[in-house]
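Take a look at these structures.
One chain, chain A, links the two complexes that follow: it is found with chain B in the first and with chain C in the second.
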Partner chain A sequence: MAFQILLNFFLAFLWMFLQNSFNSTGFFVGYLLGLLIICGLRRFFQSRFYLLRVGAVVNLLFIFLKELVMANWAVFKVILKPKLDMQPGIFAMPTTLESKWEVTVLANLITLTPGTFVVDVSADNKILYIHAMDVPDVEDAITDIRESFEKAIMEVSR
Partner chain B sequence: MKKNDVILQTVTNVVAFMIILFSLQVFFSGHYHPGGGFIGGLMTSGAIVLLLLAYDIKTVASIIPIDYKILIGIGLFFAVGTGAGSLFFNVPFLTHAFNHFDLPLLGETSLHTAVLFDTGVYLVVIGVTMTIIQTIGESE
Partner chain C sequence: MTEIIKVFVGIFVGLGAFLCMVTALGIIRLPDVYTRNHAASKGSTLGIMFILIGAFLFFYVKEGHYNSRLLLGIVFIFITSPVAGHLISRAAYHTGVPLWKKSVLDELKDKEKHEKHGLDRSNGEGK
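Entry: the complex of A and B
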């Protein structure tokens, strides 16, 4: 991934030298041509073609925005209820993500969406302890996070 | 029960670089805009303090193997040297000079000896702040 981006930058600079046009236009054209070449020779690399990963990051961003709006709406409804019949609780969510990066991003996404909040991470980064404002069903909450965030983050690091 | 700081550490690995870059920007904008050596040095040491909070003193000392007391000396040398340099040109102590130079890549740039003086301030501020914090942190 990082190597592909570096190679793309190198190709862009090479194009600038070949064209003798040392400005942003030359760089941009060279970058696009390098992108085409790397896409054509993508089977040489160990990892996927890196634009797919960039797309996965954008996808993660949109999922986050959607969840942000929905979760805020849920909290809004809870706040305006005359009867406080919510069920707060702390539950443990085992995560399948491995690297520190992924765990950090997942924890921050969970914390930034209102209603849920990461209290602690277990010593081996395998279990997240989450405080939720309203969990009638823990299993539902876990599968909800799994379906939305974990899958998207895995898509990025695949 | 050891606390797991994985989130703090991972975020620190990114944010520390941003803080240092911003502190350099503040340092270089000191001549025309708010900023300068003092606030730049404080922010750089702020980034190092963030590293100290996320990791421990031994780790940070191995990452940045600098003796901050020596840094104070280097900074004072910069400041005094800038002041003494003016004596060679038969002008009063601490008289600054500036001129426009045509540098490669940067083009027409105005270089001022006050920047060197500010570098001295910057290094002294980092050195003093980190010496104080590490001395307090190490004394059990």
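Entry: the complex of A and C
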């Protein structure tokens, strides 16, 4: 991915030298043309066309913001409920993500999910220990949400 | 246009202050470290982010002053506060702070024993 971006910058500079227009407009036009060229030659690269990955990152950012607002709503309901009748607990969740940054992003995302946050990560990064505000009713739904998180993160790293 | 944005500024700052108040209430009311951490790590993050967004919009509209440090502050708080919550609760767990007495489940205790004996029961509660 980084290589494709670097190549795109290089093509933009090439365009600037060809046009002899050293300003931001020349750079921008060159960048767009370079994008077209890279898109045309995408089957020669090892990884995917990098705009797809940029789109996945933006998607992840929006998931973050949405989950933050929903988590606040859930916490808000628990706090202002007259009776403290939640059932907190710590449960373990195995994860299929491998590299360290993926696990970190997943842990941050889980921390910002309604009713859950990560207490500990096992030494081999395979199991996350999650404290949930309400174990019985949220657990299944949360597993579903988390499948979608893992999928969104894998979409970035693939 | 500017009047509409002023209304938005009011909404953002008011909502942020309200969320911070709810967070403080939660820290007083909830029973143990971990549930309090839920309130602190989520409520105050969004509350402070809202207040900073409100301040950013206010100075941008009123003075025409584009303060990029506020935007950086929003990003930094967004990145660091979940990590801080995680570290505090982790430190609490490992120094033996007990869970609330009505807690229903504590798999971390069992799993740590399993890991020490090299036994990895990997399809656990999440399935």
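Side notes on the structure shown:
One rule holds for everything that comes next: the second predicted complex is superposed on the first by the 148 of 158 C-alpha atoms of A that agree within 3 Å, B and C clash if a C-alpha of one lies under 4 Å from a C-alpha of the other, contacts with A are read in each partner's own complex, and residues count from 1 in each chain.
One rule holds in what follows: a residue touches a chain if its C-beta (ideal position, glycine included) is under 8 Å from a C-beta of that chain, and two chains touch if they have at least 3 such contacts.
Here the structure is a predicted model, which is why all the values come from computation and not from measurement.
When both complexes are superposed on chain A, chain B and chain C sit side by side without a clash. Put simply, more of the residues of chain A are touched by C, taking chain B and chain C as the two choices.
Using the contact criterion defined above for the overlaid structures, shared-chain residue A:M154 touches neither chain B nor chain C, since it reaches no partner.
Centred on chain A, the angle reaching out to chain B and chain C in the chain A superposition, using CA centres, is 70 degrees in steps of 10.
With both structures placed on the common chain, the touch criterion links A:W101 to chain B but leaves chain C unconnected.
Once the two complexes are overlaid on the shared chain, A:S122 sits against chain B and chain C alike. Of the two partner chains placed around the shared chain by superposition, chain C is the only one that A:L112 touches, whereas chain B remains out of contact.
Shared-chain residue A:H131: touches chain C; no touch with chain B. In the superposition on chain A, contact of A:T143 is made with chain C only, not with chain B.
Of all Cα pairs linking chain B with chain C in the superposition, the shortest spans 7 Å.
Chain A uses residues 107-108, 118, 120, 122-123 to touch chain B in one structure and chain C in the other.
By the touch criterion given at the top, residues 19, 22, 25-26, 29-32, 34-35, 37-39, 41-43, 45-46, 78-79, 82-83, 85-86, 89-90, 93-94, 99-100, 102-108, 111, 115, 120, 122-127 of chain C touch chain A in their complex. Note for the complex: chain A touches chain C at residues 64, 68-69, 71-72, 75-76, 78-80, 84, 86-94, 107-108, 111-112, 115, 117-120, 122-123, 126-127, 129, 131, 133, 135-136, 139, 143, 146. If you check the complex, the residues on chain A that touch chain B are 100-101, 103-104, 107-108, 118, 120-123, 125. Those residues of chain B lying in contact with chain A across their complex are 2, 4, 6-7, 9-11.
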